[in-house]
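These notes open a run of structures that come right after.
Common to both upcoming complexes is subunit A, partnered first by subunit B, then by subunit C.
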Partner chain A sequence: MSTNLKISNVTKIYPGCVANDNVSLEFNSGKIYALLGENGAGKSTLVKILSGVIIPDEGEIYLNKNNLKLNSPLDAKKNDIGMVFQHFNLFETLSVFENLIIDSDEQRESLREKIDSIMKKYNFSIDLDIPVLNLSAGQKQKVEIIRCLIRNPKVLIMDEPTSVLTEQETSELFLSLKKFSEEGILIIYITHKLKEVMQLCDEVAVMRRGKLISVSEIKNENIESLANKMVGQNLKTIKKKKAKTSSDQLIKITNLNFSSEDPFETNLIDINFSVNRGECLGIAGISGNGQSELFQVLSGEIISEKNSIEFNNNYIGDLSPQERREYLMAFSPEDRLEQAAIPQMKIFENVALNNFKSSNFFNNGLINENKIKEHSKKIISDFNVNTDNIELKSQFLSGGNLQKLIIGRELITSPDLLICFNPTWGLDVGAINYIHETLIKINEQNKSIILISTDTDELLKLSDKISVIHKGKLSKIMNAEEVTSEKLGILMGGAN
Partner chain B sequence: MIKIVKRDQPSRAIFFFTPVLAIFLTLVAGGLIFFILGFKPFEALKFFFIVPIADKYGFSELLLKATPLCLIAIGLSFCFKSNNWNIGAEGQLTFGAIVSGGVALLFYEQEGFYILPIVILAGAIGGMLYASIPAILKTYFNTNEILVSLMLVYVSKLILDYLVVGPWSNPEGFNFPETRQFSDSAKLPLLFEGLRIHAGIFLALAAVVISWFVFYKTYLGFQMKVSGFSLKTARYAGYKGKKMIILVFLISGACAGLAGVGEITGPIGQLHREISPDYGFTAIIVAFLGRLHPVGIIFASLVVAITYLGAETAQIFMQIPKYTGQVFQGMILFFLLASDYLLFFKIKFIGSKK
Partner chain C sequence: MIIDINFIGLIIASIMASAVPLILASCGELITERSGVLNLGVEGMMIIGAISGFALMTVTGSLIIAVFGAMLAGVLISTIFAFLTQTLITNHVATGLALTIFGIGISAMIGKNFVGIPGKEFPVLFQGLKDTIPLLGPILFGHSIVFYFAFALPFITSYFLKKTKIGLIVRAVGDSPESASNQGINVKLVRYACILYGGAMSGLAGAYLSMIYTPQWIENMTGGRGWIALALVVFSTWNPIKILIGAMIFGGLTIIQFHMQAIGVRIPVQFLTALPYIVTIIVLVVISRDSRKIRLSTPSSLGKSFHKDN
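Up next is the complex of A and B:
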């Protein structure tokens, strides 16, 4: 009995972003399919639609020619679509067995037999009676898989399953997946890791910015060709003019380390780089590889060793963001609404967040509202923020205008170095262009930029030098002309 | 047909209207309760809310009760605005009273203009010390300030109990659980002959003005505001978030401590077991009813103070327990929280066509 799953013209639009743009795909059992794409490419949205978590705005899903209406995860289960999410949905304090029977209405005894036979068949060895919290990540994933297998699924979807696994566990997983496939289960494997696609899958569908880019057989592809498709051709034509090569070093990072107590943060390992005046250093990477930690260490939100950061011949590793600003550094964080600005406060109050002694926003501990307002008006006119009311709460600015306000706030004091993190994330094309032009302009004024971004096109367009961050480590620093999107894609995936 | 629609943004007008609505609903519900108990609702409400403040003595009593409520609520507004849930003001009040009472007892049978300022200062410091415990535990050991500050209330009450029964009890007091009367130099002066209202009200008014000034005019207030909205932003801007947390606790503790001083050096004049009818807890209601705004808190403290007086009048004239006052306080908070729903949702009436 073969299974045919068809996605037809699926579109899902979120405010300000088209997550899935008219995607059509067809899958047949007996093969393992890869769904490949960068963060934000729309692959997670697509599988959430398949598993009933998200309801698409348009489009249909057919399983063996039957039109499915998936309004909830329960509907997906009823239609034999199983899904293992990247983050496990298990009750840590309940036993493995209790976790497995929780959403089943079968008899306990018969279920136990069934689970035992599944485990035997696929060589899983897990003690059913110990609490889930004692299991390793790989074992937890097996529990999730067993939970799907109990229902005899026709389709099994795995969402970035190896992100938490060791090498050993990964190869075990691949063996199981191949076995499932031989038995007629249709496997859809979501990932951004190119090596795994080559190793495991038969066919690959590549997504980029919500659109389906290509569907092809693995035997016709190689890592470079896939990387190219995933990241997109870079548009060298609108790349900025090469800055005059300057050897005047502005910032130097030496042996910078950060280890976090928070398991959801990435440790930074032995970071070394330097940026000269007038240069833009781009740092590429798939999100969650230490970018946010690197930004915080550079901005001073996380303090490091004094000597690890040398800026303009001063050691500033132990200074706070406020103190670093006095040395003419400026920062534009990724999260506009929760970090760079406070939506509930007025525009001019948000301007006061970047405060220099010389700007006189606060005299003797008192707020100098006139000064702040004057300054805010200048930012609004200099940086094309589309409003004339600085008393407006900033939540009423569009993303693009808010970002212009933030970049303007950081730049109007003409800093020597701007550190920005995903400055055009979620913006429309017009705003993106404006921000890009602004960044090119400050390089031309012999000011430097560190651009941490998950958007490869942006990095290739703006950077003079590029490095890739992967699991908290920086790759060697490359000249932008030598870099191709393929090479970046490979480095972002962790290969050398 | 009635339909509930989410608002695009919280309504400013509704923000100030819901406290009024809450008070109105409390009156309606209170009337209903009196009716069920077999009283005439309007007459009962008159006894509760109008009779107590009909004469100048009553009005003085109203201000007397409103003073500590206002003072504590102002302090709490610093904490609540920056998302620090200090609910132990009652304990900070008690500890402030203990420290200032101890100092006042040191000056027993002494006279001097300098005594009162020292006694007042001691109370503020006592409150601050006591508030610093949950603050430091929160910032350095990640404890939950709600639990710590609440539990410390009972600790301070037991300390007070021990002191007034044991070491500090009045040697000539026939073993009553109370200390000596403070000397006149350690007491807040009365404002009018024959009325109990005392100079403590100026402390409350000063707190109102200062808190308004700090919040709306100073860099410190700006930093507190930012830290309250988002600690992430505060860190990005370079503000010292932990210091800010400790600071708001200290301010709040100082205000509660001063309220304690006002009670023992004002109407009471000594330490005994029950120096506060839960002002520290009731002030939480006052702070929210006043929308954490200094001016709002003035009005809210007057409204809530009436429930204390009304409960006493009702006990005398209608023979119902004075705990009715707490019922009213609870209802005010209940209706306030309920009507805050209107901040985010609006009710639409859609005429059905036939």
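Up next is the complex of A and C:
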């Protein structure tokens, strides 16, 4: 039986933002649909409306001509709409089986049989009796998919499913999705990754700022045309000029180890690498393989042995982040609002935070507000931060603006080395471009970068050398020209 | 010196009796916390239960009305907590502390008229069997129904959490209220129910104190047992069976240090009084050291308010 899903004139307004502005769309089973848009374009809001998590202000949803009233996720489930959320909706401390039985009315044994047959059919292999927190991201996603399949859904919605997957896991996922589609399940695939849309989908709907921009067949589109629709302007492509090879070593990590008391952190095992002046070293890997620990060890949040880090001919392994800054290192952590900036503090106060000593921001322990404000204004104009109010609390800046502010702040001291961790995570294409340009500029000034990132494309674009971190171990360091995303994918999955 | 073997039995029985209110209140609070709610009002709910039970017993003369009335009083006062934290999204810690202060105050006020009134005798079960088996007789027989219920409760609680669907839902809500809500589980309803259940068990624990353990009303008679119960939940890493162990150690050392003081052991009284607290914590910390297990049994959302947005 074929399925027809129709969204009619859906509007959802939040204070200060129209998340969905009169959106109408129609889907038919047998095809895979892409819902494409930047962060904040309204695609997540739309699918949350479809799955009953959010109730729209206006508009109707019809499944096979029946008007659906989706007031809760339960209503969506009853109407055979299944959704795999971007941030997994699993209970980490419960076992896989407990996660699956919690919303099922079936008996234990019959449910187990059903799960086994689903896993066999689609070639999944997951231990049902271990807690979910022991699973990899790809396995967790499979658990979510199984949860939907148990209910024989007519519609399956996937919200940014590949953000946590390796290349291999992604292609496995695509195979499964195609199989589901052939079996008559209507698939709606939400993403901002253009390559995936071209690879997987039959039709694409583009959203921008809450509005539906276009609906078209994939065969009539290409990556550039979709990108322009998504961003609303022509994007310039950034390319890094090949760096002059320098042999002037700036930082050298020797036999660095870190073992954590916390079993849910990753231990770092025998890390060795060095970075020359003017060079960008990219560190790839699937999140949770020790990147966060490596960043903390490099930034001094975690102290290591004095001799394990040599920077500018000084041993600094036992120094704090503040002391390392005095040696002209700078840091841009992954979590902008938790680690890099204090959300409730004003922009100019945040600017002052990493410069306790080496600036004239403070006189005899008193805050020199005028100096800081002057400087903050300079950062805002130099780094294109889209606000003119330095009294604004930093939590009200968008992710892109906040990241620009943080990078700007870190570059105050004109550091020799910038260490960044997922600097463009969750940003829109415009902001990503700006950050990338800035990073390239740093290299051109003969300064160095260590770029820890889970975004393979970003790494290939910006790095001179690339290494892969897997389970706390670093692969050998490769020249960026010799590396392809496929090769990185294999290394990220743990193969040699 | 010849020690009568039945005398040892009696000491063990008295240790168990002193553990009863701790087990009841802890197992109740454990369910509340497993759903992600931190209710620091255990002491307050307990003392409300104590005065309600004693007052109802004196006024109505019915032990059944008194016991269930005390549980109902615990439910009512915990409803205030539930309304504030779940409906008005107030801070769990501040609200719980307020509940304790409120409970102690209002119980003292109501209790004014009941000071000095003698309690009634509470019926015990299997009294006739007490002398049939040496040592075990006094331990197993001749106790109140509440006593037997308390020692069954950790096992019931454990079974409930591990084996039943509702127990699974409680754990799921405590693990991630957001996911639970997205799965169609009514998080507020579950948390309300768990808070009210915790209130009922604290009320029962209080009634046990004022009606069975020391049958009379004394102002502030819970004497910090509510706080011990709270500590037991945390140090047992939310495991009902370890609560039982912790409550027994605490009760045991409390009784033994009384005896040591009576015999006149030359150890400072202050140290002896502190001993149960120190040893209980040390033992529970040692048996709960596995950080993996702690991660698996700690309710991740404990003490965090959940507000559904749409």
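We adopt the following convention: the second predicted complex is superposed on the first by the 256 of 496 C-alpha atoms of A that agree within 3 Å, B and C clash if a C-alpha of one lies under 4 Å from a C-alpha of the other, contacts with A are read in each partner's own complex, and residues count from 1 in each chain.
The rule is short, and it goes like this: a contact is a pair of C-beta atoms (placed from the backbone, for glycine too) under 8 Å apart; a residue touches a chain by one contact, two chains touch by 3 or more.
Everything numeric in this text was worked out from a predicted model, so none of it was measured.
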Touched partner set for A:321, first subunit B, second subunit C, both or neither: first
Partner chain(s) touched by A:355 [first = subunit B, second = subunit C, both, neither]: first
Touching partner for A:262 - first (subunit B), second (subunit C), both, neither: second
Subunit B versus subunit C as contact partner of A:294, first or second or both or neither: neither
Subunit B versus subunit C as contact partner of A:344, first or second or both or neither: first
Touching partner for A:98 - first (subunit B), second (subunit C), both, neither: second
Which superposed partner A:53 touches (first subunit B, second subunit C, both, neither): second
Touching partner for A:335 - first (subunit B), second (subunit C), both, neither: first
Contact residues common to both interfaces of subunit A (with subunit B and with subunit C): none
Subunit A contact footprint on subunit B (complex, rising order): 9, 217-222, 225-226, 229-230, 232-233, 235-240
Partner subunit A, residues of subunit C touching it in the complex: 165, 168-169, 171-172, 175-176, 178-185, 291-292, 295-298, 300, 310
Residue ranges of subunit A touching subunit C (in the complex, touch as defined): 51, 53-55, 72-74, 77, 85, 88-94, 98, 101-103, 131, 133, 261-264
Footprint of subunit B on subunit A - complex, ascending: 299-301, 320-325, 331, 333, 335, 338-342, 344-345, 349, 352-355, 362, 365-367, 395
